[in-house]
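Lettered A, B, C, D and E in written order, each chain numbered from 1.
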Amino acid sequence: MPDTIALKNTDTGIVTDKTLSGPRGPKPKRVISPRNIMLYGTLFVAAAYYLLPLYVMIVTSLKGMPEIRLGNIFSPPVEITFEPWVKAWATACTGLNCDGLSRGFWNSVRITVPSVVGSIAIASVNGYALANWRFKGSELFFSILVIGAFIPYQVMIYPIVIVLRELGIYGTLTGLIIVHSIFGMPILTLLFRNYFASLPQELFKAARIDGAGFWQIFLKIMVPMSLPIFVVAMILQVTGIWNDFLFGVVFTRPEYYPMTVQLNNIVNSVQGVKEYNVNMAATILTGLVPLVVYFVSGRLFVRGIAAGAVKG
Amino acid sequence: MNSSVSIKDLSLNFGAVSVLKDLNLEINDGEFLVLLGSSGCGKSTLLNCIAGLLDASDGQIFIKGKNVTWEEPKDRGIGMVFQSYALYPQMTVEKNLSFGLQVAKIPQPEIDKRVARASEILQIQPLLKRKPAELSGGQRQRVAIGRALVRDVDVFLFDEPLSNLDAKLRSELRVEIKRLHQSLKNTMIYVTHDQIEALTLADRIAIMKSGIIQQLADPTTIYNRPRNLFVAGFIGSPSMNFLRGEITKQGEQTFFTANGVNFSVADYHTPEVLQAGRKVILGVRPEHVKVNENLGAEVHDATVDIEEPMGADNLLWLKHAGHTMSVRINGARRFNPGSAVKLGFDMSLASIFDAETELRL
Amino acid sequence: MNSSVSIKDLSLNFGAVSVLKDLNLEINDGEFLVLLGSSGCGKSTLLNCIAGLLDASDGQIFIKGKNVTWEEPKDRGIGMVFQSYALYPQMTVEKNLSFGLQVAKIPQPEIDKRVARASEILQIQPLLKRKPAELSGGQRQRVAIGRALVRDVDVFLFDEPLSNLDAKLRSELRVEIKRLHQSLKNTMIYVTHDQIEALTLADRIAIMKSGIIQQLADPTTIYNRPRNLFVAGFIGSPSMNFLRGEITKQGEQTFFTANGVNFSVADYHTPEVLQAGRKVILGVRPEHVKVNENLGAEVHDATVDIEEPMGADNLLWLKHAGHTMSVRINGARRFNPGSAVKLGFDMSLASIFDAETELRL
Amino acid sequence: MTGQAKAGRPNQLLRNLNSKIASIPMILTALVIFLGGTVWTVFYSFTNSKLLPRLSFVGFDQYKRLWAAPRWIVSIENLAVYGVLSLIFSLVIGFVLAALMDQKIRFENTFRTIFLYPFALSFIVTGLVWQWVLNPEFGIQSVVRSLGWTSFTFDPLYTPSIVIYGVLIAALWQGTGLVMCLMLAGLRGIDEDIWKASRVDGIPMWKTYLFIVIPMMRPVFITTLVIIASGIVKVYDLVVAQTSGGPGISSEVPAKYVYDYMFQAQNLGQGFAASTMMLVTVAIIIVPWAYLEFGGGRKRA
Amino acid sequence: ADATDLEVTHWWTSGGEAAAVAELAKAFDATGNKWVDGAIAGSGGTARPIMISRITGGDPMGATQFNHGRQAEELVQAGLMRDLTDVATAEHWKDIIRPSSLLDSCTIDGKIYCAPVNIHSWQWLWLSNAAFKKAGVEVPKNWDEFVAAAPALEKAGIVPLAVGGQPWQAAGAFDVLMVAIAGKDTFHKVFKDKDAEAAAGPEIAKVFKAADDARKMSKGSNVQDWNQATNLVITGKAGGQIMGDWAQGEFQLAGQKAGSDYTCLPGLGVNEIISTGGDAFYFPLLKDEAKSKAQDVLAKTLLDPKTQVAFNLKKGSLPVRGDVDLAAANDCMKKGLDILAKGNVIEGTDQLLSADSQKQKEDLFSEFFANPSMTPEAAQKRFAEIIASAD
């Protein structure tokens, strides 16, 4: 083991006899510097803007109607009540059905899970084919797809109604899953294509030399390497599909109506005065699933975005 | 020797860009062929064509006498090692080695045997259970070689396998690859832009420029008898010194004259081709210039511009008759910048090129 | 000479990890100091501390006698050149050079003068209107140097400026940097992990390992008198050959004995410190092993394992008494693998290290 | 020899077959839905289809009527105002937040989550929430008034001239988090050395951002622009939930016009004509961009 | 009979409406079948596209509500709807449905395609007695008095006229003003004969003048839904509201009594004429035999006297058959029944105009009501243009 003390004396030259005066060590940092005040000041103001509506929702959902009518929306509840939550979840009425959001919740799950899985499966395979197995015209189809991302959904409703009718799957869950897959395809395919293109090409070449085919390379090599982008896709689709109202209501029958439709019904079925507290509770309940997904995997989201969206 | 890989009139275009042009190459069985060239000259492209990872625009490729031009990579009997290692990151080393064999549905005992053999040869047995992320660069590259090894193929393709390693590891693995070739005796095609690798590893070197092979020969020939100016300048570090001038005759004697200074070319290995009046370029390697010692008959004056001690060697940059000239001398001999020295040239080891065709005379 | 940069008891921690430990360093005015060490040893960290880009955890930094420990980078009188060039990609070369000056509100005529001077020195006048993307790697690095140049500072800091270039360009730019130093005579601190760069450029080399300077000396000393085993192994390519053994006395004569073979150490430069029984490591550089020629008194038998011809030199890997030994000989001398040869050692240039402290004896 | 090689050349259609098979969903979607649907829409915009599509052509009548309709003009104006402002503000706010987040701050994760969570909510929810917050009777206005400033007026949703800004506030609340994420990813991708170089050069932080970093983030800005722009053209749910296009028609947007005329007014032809105009707008925006990014990009590389 | 599930879609989700639907469901369930409720909230504008998509998409419901009139015309022409002529004949709908124009609206090419369930009239002004008391003025007896009382109301901090933000409310209010002020003939000229000249004429100019008054009086309503606007009247925050008789359900639900708590003025107290729009049920063509049978049962049930009474009492609308006993009806309903009996009826605009023209009209009036800078003259000009191109 080299001897540090010896090193200092023999090798680093003679330390001149300057006294160790003046600044030494780390530059002292004031916690309350103008820079920090600006920085955190701005951040806190921004955070307040983003949190305000959430605060309003939560506070209001915990108040009783009389309190809402009297006080302002920002004042905290004097008397906390969970009645609105119970009502929103279980007893709010739409027409003759008085089971609140609960029915819609399971429908949403039944719609979201297969749609997310289906759309991600299709888009990831597409992205993979576009990044690694280009064929004549593949870029053209892709361009059409990307431009398709700009087309307002309303424009496409009618043609899709016709297509689904011709396929005989209008009003079925399958039909809705297909619709979600179609509209998720442009942006997801773009993400996956960029991500797979950013993976080292040599890996793909190595696998081909090893004799792996299209699907083997995809399933055994590419997919296991792509957690971040799958997380991004998952988050985007879960939020997108869970929050969807238009397709859920246009392309299914009432027994499959998702939670958002129930939410719309509760919010828009005004019985006398608007029951703001119930509406807020219903709103929070509806947004809960995507919110939880965000809180749980937000960090991966940023990483995945960096990997899939920014590298062009 | 019969040819192991044979490439006939191979062309490859990316859209309008022609990367390889009517390339012909015969590689003997068991030969270690190095493709050497600067970045972007088409080395990887050629290798990928041989591997079947790129479709040739025209021409044919034969491996072991079989036309494989349209075969899938896996059916060509080749193994390939990449610069970036290209190990499957989520698989253990063992799985990396056996993946291709499992895909090919080779029975497990056979797979185990091959993996065991490869890992023994490459001494990676202790690493088998690790994942690539847990390996050092050198270990990764060893695993990558192992992956080619287990495929039990006739031809190994290496695409700059050592470029990502630091100098020390690079020289170590270079020796190992050489040793591997000596024991396996497979055909190996090795792409690099590092001339040291090329010179030390190759049986023959193919020097490429813009998709065309400039010279194909063994390392000694390439170093000592470069076919043209490009090859001469490309090989050797520091580069060969080039002096632009012409051949003159003074009485019986033939000289190379540049900037009014005469150099006798009597010792040149083919003095007969040097007609007077011909514009030529004289090339002398730094180690063939003598300083103050063993000067020979002809002596020139020069001053030291810069000295670059490199340990075992010492590199001098001399100013001499308007040129800058690099000279390699023993590391123990030191000169101060600005000091005056005497120069001698070993003309028997020099090269003279036609100034126009740039071909060696 | 008075010191230009002086570092006192510098420590730096990243959280719990201590990267630099009580480091002291005096750099003389006009000196070219190279910080050499393997990846992750703290070279860049040290350079960033000097530049003021990292806050020291403890200790002081003086530049030109002024305590700059708490100064902003721009006020330290330093210019810095980065491995990745760090050119501002959207600005022309000219703008890259002048932007910092404009921000500092230096009058335009002065800016023009400085830019003109820097671009003349670096010969980048024709590039002034281009953007970095339109430049080659070497040109980019030249612009990056220019950006430091225009700042008209006392101390230049280089962080592996040539690592991203290919071998040929690297050796060209190396010479240019050397020339630049010779003409400017500024203090330069240069980080690299390439020993050739260190040996050729440095007035003094500081070899670092894990944040501690192992040896600080001129290149010749470092090469010939490495202070410890680490330095000895780190410098030189291929590495110094190490043999582990002990000192024995047979009558009057002192030997180094390894695997039962005796080597006479009578020629060692300080034979008096070699007490019998001491466990030591003998280090011999490849070029100090003689093969078949100039063998000296003591002759050993060996066989050629591998030959690596490198043009000017030829590298042999020999098997000798259970060791593998690398030997560098003239490129013209060739051996076939397997052939038997005779070896001699030049013990006067060898190094002997204590096996325990690993310090040179 | 060459002939033999040609003979051995396998059928080009079968090459890469798996890839083609795997791309069938994409090809079908691109061709049948996006391309087919578009062509179909444009085609029927020249008919006077009412509740059901029918082939009775009326030339450009639908377009004439469209451009004579005050509501359509208002929609276009709104989209322009909303689009330009939301592009500018999203980019500015997103970038500023990202730049702040990039200062090695404490609680980065918390702040990021706070800025990003609205993105998890649907436009319907966003619209409702902001409708409440901006409601003059019990929202911000009433709160400020109750604090003593009785003349304070802030009721964008009930003032036709500024209602679109009320929508904008909600849209920014929902979308800037994502922009911030994209920008943050872009900032993190900037070479550390650039920052060091600019510090050594003594360039102040804001100048470094403005003159060096932002120009370097071109690809990120383009990605972001595409994402924001595609959202802008489609804006519908938010308006429906927040204002229903009101007061009057002052916050109408084209997508809502399309929907309302196709389904409520049962005038498919009119809806299709409006759709077609939207598609044309999209094309005008996107085609030059795509050309610059992809067409020009090949040559650049 | 076997129990058959029949899905019925409608947009009756407000309190009174939902209670009324429950009556229909109860009656249908009593026949041994099952009413599967498919309520879609958010008025016809939201619900209708969904219903139409499902019918055209090949996944039709068992029955669906439309406003009777021309909304389903094309669906019928496309052969997607079920012909109810047999049921109608068996049940003698021709004889019992009153006014007969209701059944005419269901008749296309001589076949009957829908079952009307109620009569809704638009022409009502609902006034809050409490609000006027607070303002210290008499409860007005007609529109002019109401306009005159507006300043007093405003002074008391009461919005004189509640108008919700939904476009159809503004358009409907205008139609009401037109009947009241310009009279039945002008109304017919404009909407039935699509006489653009009349629409641009002085009679209609008077109507626009009145609409301008209404606009001024409605400032500060700041509500979206019609029943929120009604609620303003119920709670005395607004003086009055022009709204159809369905508003009655809200008053009832709030426990208010006609006459003492609120006052209703049919025809705005000026011109006692009411329109006879309303709701009807349509039955998409189904492949399933059992369901088709259940459709017939439902159609029959809807017009059953008992159902009619129960339903319309809750809904606040008038029954479509003249032969039922509405002893339980309140003051306002009785006023309506009176007018109906006198035959002072007109057709609703839904029956006269296409949805397209209606929508254009809605766009115009919602803009007019929201935008004070739009002059009545300019609005009338655009109104005339719409009428000129209307179908």
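Note that in this section contacts are C-beta pairs under 8 Å (C-beta built on N, C-alpha and C of every residue); 3 or more make two chains touch, one makes a residue touch a chain.
The model shown is predicted, which means the values in this text are computed figures rather than measured ones.
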Seminar exercise, completed: Chains adjacent to chain A and to chain E under the stated definition are D
For this session: Would you indicate which pair of chains has the most C-beta pairs in contact?
Result: A-D
Exercise. At what distance in angstrom does the C-alpha mean of chain E lie from that of chain B?
Worked result: 90
Exercise. Counting in whole Å, what is the centre-to-centre distance of chain A and chain B, each centre being its mean C-alpha position?
Worked result: 52
For this session: Give, as an integer number of Å, the spacing between the C-alpha centres of chain D and chain C.
Result: 55
For this session: Identify all positions of chain C at which a residue touches two or more other chains, and write them in rising order.
Result: none
Problem set entry | Multi-partner residues of chain D (each touching 2 or more other chains) | 259, 262
Seminar exercise, completed: Among chain E residues, those touching two or more other chains are 49, 53, 56
Exercise. Touching chain C in the complex: which residues of chain A?
Worked result: 1-4, 7-8, 11-16, 18, 20-28
Seminar exercise, completed: Residue set of chain A touching chain E in the complex reads 93-97, 157, 161, 164-165, 168, 170-172, 249-251, 253-254, 261, 264-274
Seminar exercise, completed: Touching chain D in the complex, chain C uses residues 48, 51-53, 72-75, 78-80, 82-86, 88-91, 99-100, 103-104, 147, 151
Problem set entry | For the chain D and chain E complex, residues of the former touching the latter | 50-52, 65, 69-71, 135-137, 155, 158, 160, 244-250, 259-267, 270
Exercise. Which of the residues in chain D end up touching chain A in this complex?
Worked result: 15-16, 18-20, 22-23, 25-27, 29-38, 40-41, 53, 93, 96-97, 100-101, 103, 105, 109, 111-126, 128-130, 132-133, 138-139, 142-143, 146, 173, 177, 181-182, 184-186, 188-189, 219-220, 222-223, 226-227, 229-230, 233-234, 236-237, 254-255, 258-259, 262, 268, 275, 278-279, 282-283, 285-286, 290, 293-294
